[in-house]
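Take a look at the structures listed below.
In what comes next, chain A is part of two complexes: it sits with chain B in the first one and with chain C in the second one.
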Partner chain A sequence: MSIASDSIKRAGPERTTVWDRFSIRTKRVIWAWTFLALPILFYGGIRFYPTFQAFWLSLTDWDLMRPAKFVGLANYQAMLADPVFWKVFQNTFAYLIIGTPLSLVISFAIAYYLDRVRFMHGFIRALYFLPFLTTAAAMGWVWRWFYQPVPIGVLNGFLSVFGLPQQTFLRSPDTALTSILMPAIWAGLGFQVIIFIAGLRAIPSTFYEAARIDGLGEWAIFRKITLPLLKPTTIFLVVFSSIGFLRIFDQVYNMTTNDPGGPLNSTKPLVLMIYQTAFSSYKMGYAAAQTVVLFTILLVVSLMQLWVLRKR
Partner chain B sequence: MRSNYASYFANGIGASATGEKLEAAEKFLKYVSSPEAMQIWLKVVGELPARKAVALTDDNVADPIYGPFLKGLAYAHTTQFVDEAGQRQTAVDMVNRVLINGDDPKASLDEAAKQEQAIIDAAAQ
Partner chain C sequence: MSTMDVELPANRMRIRPGQIITWTLLLLGGLIMVTPLLYMFATSLKTSGQIYDLKLIPAAPTLDNYISVLSDGRFLRWFVNSTLIASIVTVSNVFFDSMVGYTLAKFEFRGRYFIFLAILSTLMIPTEMLVIPWYLMSSQLHWLDTYWGIMFPGMMTAFGTFLMKQFFETVPDDFLEAARVDGMNEFTIWWKIAMPLVTPAISALAIFTFLGNWTAFFWPLIVTTSRELYTLPVGLSGFSVEQSIQWEKIMTGAALATIPTLIVFLVLQRFIVRGVMLAGLKG
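Our next item is the complex of A and B:
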């Protein structure tokens, strides 16, 4: 008893600091901000600061060797006048507009039916997920060999066995983009299937039971219950895969290394153009201007999708 | 215009080398640039010697494989690269325009020359 009262006395008035005068609520806020400060500083330093610097760089002619000189909007003027840029712009949207809907429809169909399969469900799901774990570079090279002409290419080998005409795949400007898009869609499928299955499982089964008791048909159940309740999952996947297709690089670069983005720029996406401008031609200012365009596209597309698919 | 393409490389010693390592490097460099090492290099590796005295011996010039290359050096030029990937791309596209699109070779060549000149002009600024 005496020890306890002693220590209370010692901790009395003379130990009161500024900190003690705060209420518990204020202290909690201070601690929260102390912990939050770390990620904020981190992101500020390695994400936001370089982002803003890229905007400044896009107005200069920096080439790594000489100090950057302000050139106004010259980089943007050069970009708008460059036919290759417009070709690349078109390709980037082709990847997005074909890739996103196609991959979502396929992965939804797989998820919808896989969800009902009981036999070897986990194994089949693992098979779909496997490509997602594979390095894009390795996958790009394997598919590149699939697409070769007969003695090497498996796909053309199949066609010749059945007496069908040979396909050009990566070697023609008309088919190259689709040929690159297919493995890219296939690679992302596993992830989308898993997310869709999780979304489907999250819909309470009582809804389905009630609907069936009320005599609703399968199609009506699908349209009135499954699709609306799957909306948050769909929004997430649409935004996620759109950003993925807008940033496509690995597959293109690895499948066309001899003529990156070729033939005749028919497969070159914006990211590959930025990469070449910056790290092959060392035009950092021009590359930064292209990056600003990519940033704007990503921002606009993401905001548009969030707006279209918003909760009403 | 009669012209041929040639590229070359040079060996050197790193500026930070000192003492024993510098001596060893000097010795090695003296050897690889000696006439007899150049002759061996030509025979084994197939790259042309930098010393005219070694390169233009009667034996070498008469050789069916590297003889023509050695004679071609008299009017050879090294491409001036200001953007190696960019300039290479103009040549790749030039060939693809003819092979894939079936363009006229002369027109495709002119187009490539124009693009290459634009790259060189932009770098000269």
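Our next item is the complex of A and C:
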């Protein structure tokens, strides 16, 4: 067939172009590289080159005005000696260490039970999922309003109705971080619930039937079948949400607009520190060094995932 | 569902009290989840005198806040900016991510695996690391404070490419070979034959890209300085500075930023949920 159509083509016009002389295989290779040309430029110029540039900039002193000056590891030394950096480092991991387990346990519990519910399943699922579709800039305002002292704030309003003590929420260094974390968990919960439900449904029902025939109880089935077979889903969500909490920015910035990361740096995560170092203080080299630290942390978390997956 | 499968049909109809409690708790939890959204909408319908009222349903609902926020003009501008930017970036991603995914799935050439790994490895690079070089690049090329400046970093994504590659691999080669025999060129084969076969993946990619760019905050905050170019999240973030703090106006702005995604969700609910599941399982 292809020979026939080729010979018809060749018989038509007398002159053969360079293109016609290529074999079918060569033509396909040329097509492939044509398809890839623009993307290669994009990934090279907008992903790879900037990555190397960030590493290079982290070794320079640069304020956008004067040319960048090579300073070796001075930025890293300054960072290690900076008490604000250590506070920020601690905050970033506080978001991770509280946020990831809490959100996963809650979303798993919801998914586990919601998966068995038939009546109004779609509606209830939608209720959990809706916050995921919101933007942090808008919800930052809603939560700030909720957290206000009486008579404005809704939460303190309800506390006073029930005669409970008022909470400081965003105004105290002790409670601010948790107060920002809750909306962050709230916004991501629906996504995790849906992924968990998908994972639960991917477990073949024959496994459950066999276990039931063998006389296993509910708890044993949960521990011996559901949890182990759900491991890939769980690992995916652990990594996905860990990376999300390590990179937290939108919620913090939008809930502490007047004093980003405050009060007293108690809520400031690494990305917010990077933002301020680069775009408020214009210490580009120092900010680049901080991004390298963030990159390293994220890389370690991702590699740990690969390691856990391989052990399976 | 699994428990139901093995039980006898007679038992299937019986509802245990435990199930009713579970259902009620799940519903209550769901209602708590949407409470912030309900309060946001309720307050946007209240007058400034009523906002201290904890009642969810306003005594005399009014659309005055919406009229005043929208007639301001600025807000409308941000809304248009966000819609425009998210749409263009989505079209670009659907086009390029599919094209690259298709090439990597269906063409054989030296260097294919290397290109695939190179693109995949960019998933490891956090955006935060790239913004400083991007900022420098934008200032040199005069992209700061332009639409293109906001859009260029997201025109293609490794995630989208990977997703599309996975799906194109399921397309049988026979279909493409038949088209080739018919004398179609490779571009037409991809666009006319292969693309329609992966519409679920395309819709998932489109929804994610649009939502991601609609809510994007970090880079637009950095690259824009003039108010006319703000996207909705960036504009909303600085809303109070000018409005002093008028909570009912701010809630109206927040509601206006939320309504489009809620409408899209209600219309496309099935696609979105399936898309999230697909992306989660493939990714």
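Things worth noting here:
Just so it is clear, the second predicted complex is superposed on the first by the 266 of 312 C-alpha atoms of A that agree within 3 Å, B and C clash if a C-alpha of one lies under 4 Å from a C-alpha of the other, contacts with A are read in each partner's own complex, and residues count from 1 in each chain.
Quick note on the criterion: a contact is a pair of C-beta atoms (placed from the backbone, for glycine too) under 8 Å apart; a residue touches a chain by one contact, two chains touch by 3 or more.
Everything numeric here is computed off the predicted structure, so don't read it as measured data.
Following the overlay on chain A, a side-by-side fit with no clash is recorded for the pair chain B and chain C. Put simply, the three-chain overlay gives an angle of 80° at chain A, taking C-alpha centres for chain B and chain C and rounding to the nearest 10.
Shared-chain residue A:139: touches chain C; no touch with chain B. Contacts of A:263 after superposition on the shared chain: chain B is touched, whereas chain C is not. In the superposition on chain A, A:280 makes contact with chain B only, not with chain C. Touch criterion not met for A:70: it reaches neither chain B nor chain C.
Using the contact criterion defined above for the overlaid structures, shared-chain residue A:292 touches chain C, although it does not reach chain B. Touch criterion not met for A:222: it reaches neither chain B nor chain C. Comparing chain B with chain C, more residues of chain A are touched by C.
Of the two partner chains placed by superposition, A:86 touches none, neither chain B nor chain C. Here's the short version: in the overlay, chain B gets within 15 Å of chain C at its closest Cα pair. Within chain A, no residue touches chain B in one complex and chain C in the other. Within the complex formed with chain A, the residues of chain B that make contact are 83-86, 89, 92-93, 96-97, 100-101. Against chain B, the residues of chain A that register as touching in their complex are 171-173, 258-259, 262-265, 276, 280-282.
Taken together, the chain C residues at the contact with chain A in this complex read 1-6, 19, 22-23, 25-27, 29-31, 33-34, 36-37, 39-40, 43, 51-52, 54, 96, 99-100, 102-103, 107-109, 112, 115, 118-119, 122, 124-126, 128-137, 139, 152-153, 155-156, 161, 180-181, 183, 185-187, 190, 211, 214-215, 217-218, 221-222, 232-234, 236-240, 247, 250-251, 253-255, 257-258, 261-262, 264-265, 269, 273, 276-277, 280-281, 283. Only residues 1-2, 5, 9, 27-29, 31-33, 35-36, 38-40, 42-43, 46-51, 53-54, 57, 64, 110, 113-117, 119-120, 122, 124-131, 133-143, 145-146, 151-152, 154, 157-158, 161, 183, 186, 189-191, 194-195, 197-199, 201-203, 205, 208-209, 212, 233, 236, 247, 249-250, 253-254, 257, 271, 274-275, 278-279, 284, 287-288, 291-292, 294-295, 298-299, 302 of chain A touch chain C when the two sit together in their complex.
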